[in-house]
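First up is the structure itself, then whatever we jot down about it.
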Amino acid sequence: MQLEVVLKALRDGRLSLEDAVSALKRPAFEDLGFAKLDFQREQRKGFGEVVYCPGKTCEQLLAIFEAFRGDGRPALGTRCSPEQYAFLQANGLGASYDPVSRLVALRSEPPPAPRGLVAVCTGGTADMPVAEEAAQTSEFFGAIVQRHYDVGVAGIHRLLARIEAIRQANAVIAVAGMEGALGSVLAGLVDVPVVAVPTSVGYGASFEGLAPLLTMLNSCAEGMAVVNIDNGFGAGYLAAQINRLAGRRQ
Amino acid sequence: MQLEVVLKALRDGRLSLEDAVSALKRPAFEDLGFAKLDFQREQRKGFGEVVYCPGKTCEQLLAIFEAFRGDGRPALGTRCSPEQYAFLQANGLGASYDPVSRLVALRSEPPPAPRGLVAVCTGGTADMPVAEEAAQTSEFFGAIVQRHYDVGVAGIHRLLARIEAIRQANAVIAVAGMEGALGSVLAGLVDVPVVAVPTSVGYGASFEGLAPLLTMLNSCAEGMAVVNIDNGFGAGYLAAQINRLAGRRQ
Amino acid sequence: MQLEVVLKALRDGRLSLEDAVSALKRPAFEDLGFAKLDFQREQRKGFGEVVYCPGKTCEQLLAIFEAFRGDGRPALGTRCSPEQYAFLQANGLGASYDPVSRLVALRSEPPPAPRGLVAVCTGGTADMPVAEEAAQTSEFFGAIVQRHYDVGVAGIHRLLARIEAIRQANAVIAVAGMEGALGSVLAGLVDVPVVAVPTSVGYGASFEGLAPLLTMLNSCAEGMAVVNIDNGFGAGYLAAQINRLAGRRQ
Amino acid sequence: MQLEVVLKALRDGRLSLEDAVSALKRPAFEDLGFAKLDFQREQRKGFGEVVYCPGKTCEQLLAIFEAFRGDGRPALGTRCSPEQYAFLQANGLGASYDPVSRLVALRSEPPPAPRGLVAVCTGGTADMPVAEEAAQTSEFFGAIVQRHYDVGVAGIHRLLARIEAIRQANAVIAVAGMEGALGSVLAGLVDVPVVAVPTSVGYGASFEGLAPLLTMLNSCAEGMAVVNIDNGFGAGYLAAQINRLAGRRQ
Amino acid sequence: MQLEVVLKALRDGRLSLEDAVSALKRPAFEDLGFAKLDFQREQRKGFGEVVYCPGKTCEQLLAIFEAFRGDGRPALGTRCSPEQYAFLQANGLGASYDPVSRLVALRSEPPPAPRGLVAVCTGGTADMPVAEEAAQTSEFFGAIVQRHYDVGVAGIHRLLARIEAIRQANAVIAVAGMEGALGSVLAGLVDVPVVAVPTSVGYGASFEGLAPLLTMLNSCAEGMAVVNIDNGFGAGYLAAQINRLAGRRQ
Amino acid sequence: MQLEVVLKALRDGRLSLEDAVSALKRPAFEDLGFAKLDFQREQRKGFGEVVYCPGKTCEQLLAIFEAFRGDGRPALGTRCSPEQYAFLQANGLGASYDPVSRLVALRSEPPPAPRGLVAVCTGGTADMPVAEEAAQTSEFFGAIVQRHYDVGVAGIHRLLARIEAIRQANAVIAVAGMEGALGSVLAGLVDVPVVAVPTSVGYGASFEGLAPLLTMLNSCAEGMAVVNIDNGFGAGYLAAQINRLAGRRQ
Amino acid sequence: MQLEVVLKALRDGRLSLEDAVSALKRPAFEDLGFAKLDFQREQRKGFGEVVYCPGKTCEQLLAIFEAFRGDGRPALGTRCSPEQYAFLQANGLGASYDPVSRLVALRSEPPPAPRGLVAVCTGGTADMPVAEEAAQTSEFFGAIVQRHYDVGVAGIHRLLARIEAIRQANAVIAVAGMEGALGSVLAGLVDVPVVAVPTSVGYGASFEGLAPLLTMLNSCAEGMAVVNIDNGFGAGYLAAQINRLAGRRQ
Amino acid sequence: MQLEVVLKALRDGRLSLEDAVSALKRPAFEDLGFAKLDFQREQRKGFGEVVYCPGKTCEQLLAIFEAFRGDGRPALGTRCSPEQYAFLQANGLGASYDPVSRLVALRSEPPPAPRGLVAVCTGGTADMPVAEEAAQTSEFFGAIVQRHYDVGVAGIHRLLARIEAIRQANAVIAVAGMEGALGSVLAGLVDVPVVAVPTSVGYGASFEGLAPLLTMLNSCAEGMAVVNIDNGFGAGYLAAQINRLAGRRQ
């Protein structure tokens, strides 16, 4: 453990008092004033840094990404508007951007080969932006992703036709708006965790995604948990964690 | 039409002025003070009288049912407590009672033979009291009823094994709590109206049945409508109406 | 039944193993990647395909409709924006469009003569777009529709003046915002199913249609069920189903 | 005005400084510590004191009522439990009590003859406790009250048969649970204020009276306002005020 | 009564059968198809016609107002947008318009002299549009109106300074957003009905006016009732009714 | 794959037509009428059967558990009341019961040795019943479980003192009521999935667990998903799945 | 700072390596397994320990309080049921208990003399239990408390008569249910912080205290903040903190 | 006291009757018609006037600020739009404006030197506009403010690194959206009041800030109270009051 190492070095005279104090107090983040960049997250969480873009000015975003780039570490930005991305590019950031998922990805070197499998399913075509955010997040964090879109429960045979392929995955992401029943049906058919993402697709008594959120929370199928409405990123991250875990001890 | 008949009789001297006035103003109900009994409902709605029992005193209930019995017409009481029923029986009403559905049924003569078919499905075993209220209501109003209980979406094969039988019905009632997805899956598989009944079975974010209610309202399957939480009676009545309609023009 | 036919043919050598496997696994839909088109719905549900347009790109919509046109089958698109429709037409789809109901209808051959009757009633003039979506949906699926607009309960004589005509229908659709009491009054006066559609017409404590939705769910009149807020399509489809059922056994 | 009278008397030597200070600072209430009794309310509001009984101990209630009795003024207690009333009586208060409305009424002398007319209508029989609270409150504050119970909108003819009598009132109270549409229909038929009282009668999506509350707030009929769920007292008080106002300038 | 008069004339030969039928069935409204104009409302309700403008097309509004103008009767339009009014004027309707209250008023002859008094109070300056809708509605229906704006409870002395003037009114309208406590304080200080109007002024946990709505419904002051959020019209109408009632028997 | 195996056997004469039909149609569940027991779940989901006890009669529960026992397979009953368990035992079921977690566990043979690690943390002592349901569920399905109770965020040092131990787990369960912030802090400190369980511990604006539910859904920490309020079982099941997955490929 | 002191002692040989490690890792709490007692809270927060009693078994509570008693430090238990307190006393804990506020207080030596002033006001008599919890909490943590009960806004003169006394306090606690307007009026009249406590006193649209909670959050008076519904303890603690702060620098 | 002074002067002939009446009735505010300016607030509340800008016309705002300027007193305007400020400046008001916090500040003379310390912390960068409103409000009312931004609980070490500095403040403001857990963690670590501000930063089940609002209300940490969503002003004002109080008795 780090603490004992430092204390031994101090006792043995290999470290000055000042350096010992400093080592035990070294900040685990860089302070930009408006933001505290978390440079130990990769160590602590096992994955790189993630930036939530809404509510940040273009200048703030640029400074954050440049700090990561300067450190040579990958970073993923979520819900990045086209305007924000245009500013980043105009200032030479050199990141990639997908307008459907609104993800901006920064890498200084090629990622390792993906492995393991995550399945991303949607109830309808309109759920695609959220599903892509999930799928590309899982890919950014090292998973192979298979997409199964428009397999909602109102035409259950579409899902049943795909179920064998879905069963190969280490984690399944179920993205659905309206009644949001896809997760329950999936969780009843597979033996791996299902991460359910309610979407705001719908109208009226959907109440901006409240309906599928409640549906998913009340599922009577086992092996499912839920993330926030439209939170494709959160589902993709969690699925990538589970996928990595499945492979870690191989 | 009634109006012209009366006016012609008046003009032709076959009816006195007083009788004409009276005929055009005759009350369509009996007034017990605390209740106005609707003696034209059978003509107007095609089905007999229904009494919502909660909030009525035992004495009020007895007076209401006795008025119907005196008129020789059938009546159905909903959500009747065992205490209310015991009082009715102790006072010689002569009605039947089912403690699961809490329905009390009064008939002075045997009902006509049932016909047509209504299918009542539930997601789980705990939905049975609501389902029985639906089923027995449909039966009271002339339908043959087939029950398919515990066929919820978390084990979709249980429903698929029954689907051919369910497809024979003129109307399908889907009773489900928790995530309430049964209705959507059913409506995607049959070509007749599905009446969905959310139940308060569940806990936590079910919010006393709000979750399945919203699920059912947001269904992306066509051909479904929803009644109030735990309103098995309403679903059974509507299904019986549809069933009668299917048979009316035979 | 299909299964035995295939198995017998296999046993008798009239079918190869590969063909038997294929026959038992044949997809019931065409896979466009972003959408799975349900080519058996007409058989399974009795009505043609329906497309929910919001959230789909113009290119996706066009591909979906062209697949149906190529198959010679009718299709109805709901909540189609003028921009989406303009794109479809600019690409030669040849479908009709109603800007009030926002329905786009595709037919390769003239529909059969309508029959049966559905009555569509509204509480106010502002409910017309939802009512037209209901009415035109019922018409698309074969019903004759009679419109009774602006007959809300605040001037109950307007409704009473129309009630005889409304009673001729096989199903009644009640479209109302604000307090949404139209459905209850109607259900108390007719002997056929009433499909109630709450609308988001109103302000303040209407909470975007929550108020009439709750009103309709809590109706103490029998023979009514409810669809989602502003879901004219759902009501029109269900009423057409009931109307067809009433006529099916003639 | 009081202020000038006191100042003149002081200036003219008819009043000492201490008495002037005291007169301008005299408390308008008696302080029991746990309660401040409002002895000017009858002057300020025109009606006597009202006591909300829930949450008060029996001893507190007794002290409050005895203070009023000692002062010879009438007082009305609302939502008084049978246990609370029994304690009051056991201690010799000498007030009357109605177990349906849960009102306890204290009078030291006979009230003046009632005048004017308030009509109290209910949707159903189960609304009677709230309606009686309204009716007896109006009576306590001087109105003649006519009751029209069980005239809900699901059987609209029951209401229409009574409408001429209802139109004679100076104010109409509409008490209804479930869908709560009675107020709208009444307000469309009379030319005096309608005070609507939603009740918690119902179940499921009634959400303890939220449904009729929203219905009544969203009424498209003019001339109606709403009080809290089950607040029969509030409606009865307001109706009595309007009734008094109608008669005040005779 | 009308019914007997017609019947007698028929019996006595002074009226043909057809005319008798027609007289008893004469429509009480003009049917424009999209709207049923209520030509008996002035008789039935005592006030002229009111038109809710949102959701109606300009052409529909013009037709409605022209029908009233043709009949020589006054009409008031609520929540009329500047665009709608511009269209009406461009087509020569000849109505007046106030952009703050968004009321459009049509009169063919000068109104009778106003009488009685209504007081309109607001918590803050931002509540003025709703308050003006209330005030001008009361004026349209015959009341003299006194405005007391920006007298909210956070500076209670501002209200106390005005209270004597407010006490002269036959009805008091309390318009307030945010915490909405103005109504309670007013109702505790006056002896006439207080009509409370919650407004959507505020942010965050105001939830678009839900907060003051609940405040007002839960008032522990007697003699107050509530209308919908931002419903200045409803309050003005009700206050005018009460004001008229106070004067009717003079 | 099963299908081809059957078809080959039929083609090759090793299987009769009847047996082939039967094999392809064999029911995957036993039908008790009120319940359909899912005998393939262990194969399909990898874990044994789970029974939700509320709403089932004692007789129904006994029949369900006896069917599983007769089949020699393990079963877990959730939310079993002491009364239900007493009935089961009185009828000789031979299952174990924990009154804190309300789990009833049925096993005919000793379970395999547990492996892998799940950490269960709570914000407070009052969350223990839910936490025990989670912990014992994970144990039933094969995991070793470490408990860290009363480490809520209001005394953050208590959690930090435990964090190294928690980091050894394959999955972390965070059980918290009131503000429910435990999950966010944990997810920021570990690199494995956090399954968050909001509890109904609290009062007032907790709204029966809604507050911690929303907190957890809105977490800005990555790698967390949420189950229903008080759903310790669901979290324990999911954590056991993740734990198994982590070990599957060892 | 502690860290440097330990490191210097280690460098200078006055502390062994093991002791240095131990000193830097010493637990700040005692671990009872089901609870982690926070023995540094008095240092960190300046006040003693607080125990939330609901959901804890009698045995757990006793162990927690005995640990504090053994350490000679004061402790306050909130929402303690009479049954819990009886158990504590039966086991010789020697703490005091107030059944109105449900507070149990443990002290091994007399508290220091109180100083500074906190004013506790209520809207009505029924708010007393919550107010007493606030008042006695402030007293436990060293404040002098003055009570002003039943001074709600419906009789504003009762509050105005007390305002000079209230203005002497360092902090004001406003406890109110129903419409909860007391806080706003108070905050407009004093120049010190007002801590507002909504209570669940009320019915119907109070929604268990939601109404006064929203009222208080939306106050347009400055200098007020809000705690949870019925959270008298939280308000009393905060007011005691402010009171101490006002006195700290004397 | 003022009252006795006036009365003595009157008695002693040093004051005329008219002047005595006038002195006891002098208005405490200036009446602009649409607004009542509160010229005694500085005396009563200890701080200058505050103007809520939304919903006021530019002309109204200008008149209000000019009245304060004419009186030589400072004033702070909140939520002032850039358009409103531009109008004020174009008309020569001479106030300062910060576009992030949207505060407009008017001062005729330099403020006294700030003293005491308030700490403003945020969970994320996107909370900055609300945090700046809080910080600048505290500064306007005399406090020194230290900002600690982006120290949310998902990276708890960022907060721990700052905690010693934060502990120096007299009051701490915790600004956080999403899960809003910052307040609880802070309140567990400091011994002064924490004022929590939920923000609308987030999406989905944040429900416009409802989620962090509930989190903060349900905190199990002592010494915290909550203001409205996004109400940075309210928190800054309250913190300034506490800060002043801490310094008042120095």
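In this document, chain identifiers A, B, C, D, E, F, G and H correspond to the written order of the chains, with residue numbering beginning at 1 in each.
The criterion applied here is as follows: a contact is a pair of C-beta atoms (placed from the backbone, for glycine too) under 8 Å apart; a residue touches a chain by one contact, two chains touch by 3 or more.
These figures come from a predicted structure and were not determined experimentally.
Chains that count as touching both chain C and chain H, per the definition above, are A, D, E, F.
Two chain pairs, F-H and A-C, are weighed by contacting C-beta pairs, with F-H ahead. Of all chains, the one whose CA centroid is most distant from that of chain C is G. Ranking every chain by how far its Cα centroid lies from the centroid of chain D, the top place goes to A. The rotation relating chain A to chain H, fitted on Cα atoms, comes to 90°, given as a multiple of 5.
Over half of the residue-numbered contact pairs at B-C are shared with one candidate from F-G, A-H or A-F, namely A-F. With centres defined as mean CA coordinates, chain G is found 54 Å away from chain B.
Chain C and chain E have Cα centroids separated by 38 Å. Within chain H, the positions touching two or more other chains are listed as 52, 124, 155, 188-189, 204-206, 210, 213, 217-218, 220, 222, 228-229. Chain pairs that touch one another are A-B, A-C, A-F, A-G, A-H, B-C, B-D, B-E, B-F, C-D, C-E, C-F, D-E, D-G, D-H, E-G, E-H, F-G, F-H, G-H.
Within the complex, the chain D residues that touch chain E are 44-47, 50, 52, 170, 188-193, 195, 213, 217-218, 220, 222-229, 234-235, 237-238, 241-242, 245-250. Of all residues in chain D, those touching chain B in their complex are 124-128, 149-151, 155, 157-158, 161, 201, 203-206.
Against chain G, in their complex, chain A makes its touches with residues 3-4, 7-8, 10-11, 17, 20-21, 24-25.
Chain contact summary for the complex, chain B toward chain A: residues 123-124, 152-156, 160, 178-181, 184-185, 187-189, 202, 204-207, 210-212, 214-222. Of all residues in chain F, those touching chain B in their complex are 27-29, 33-36, 38, 40-41, 52, 54-56, 60, 79, 198, 200, 208-210, 213, 228-231.
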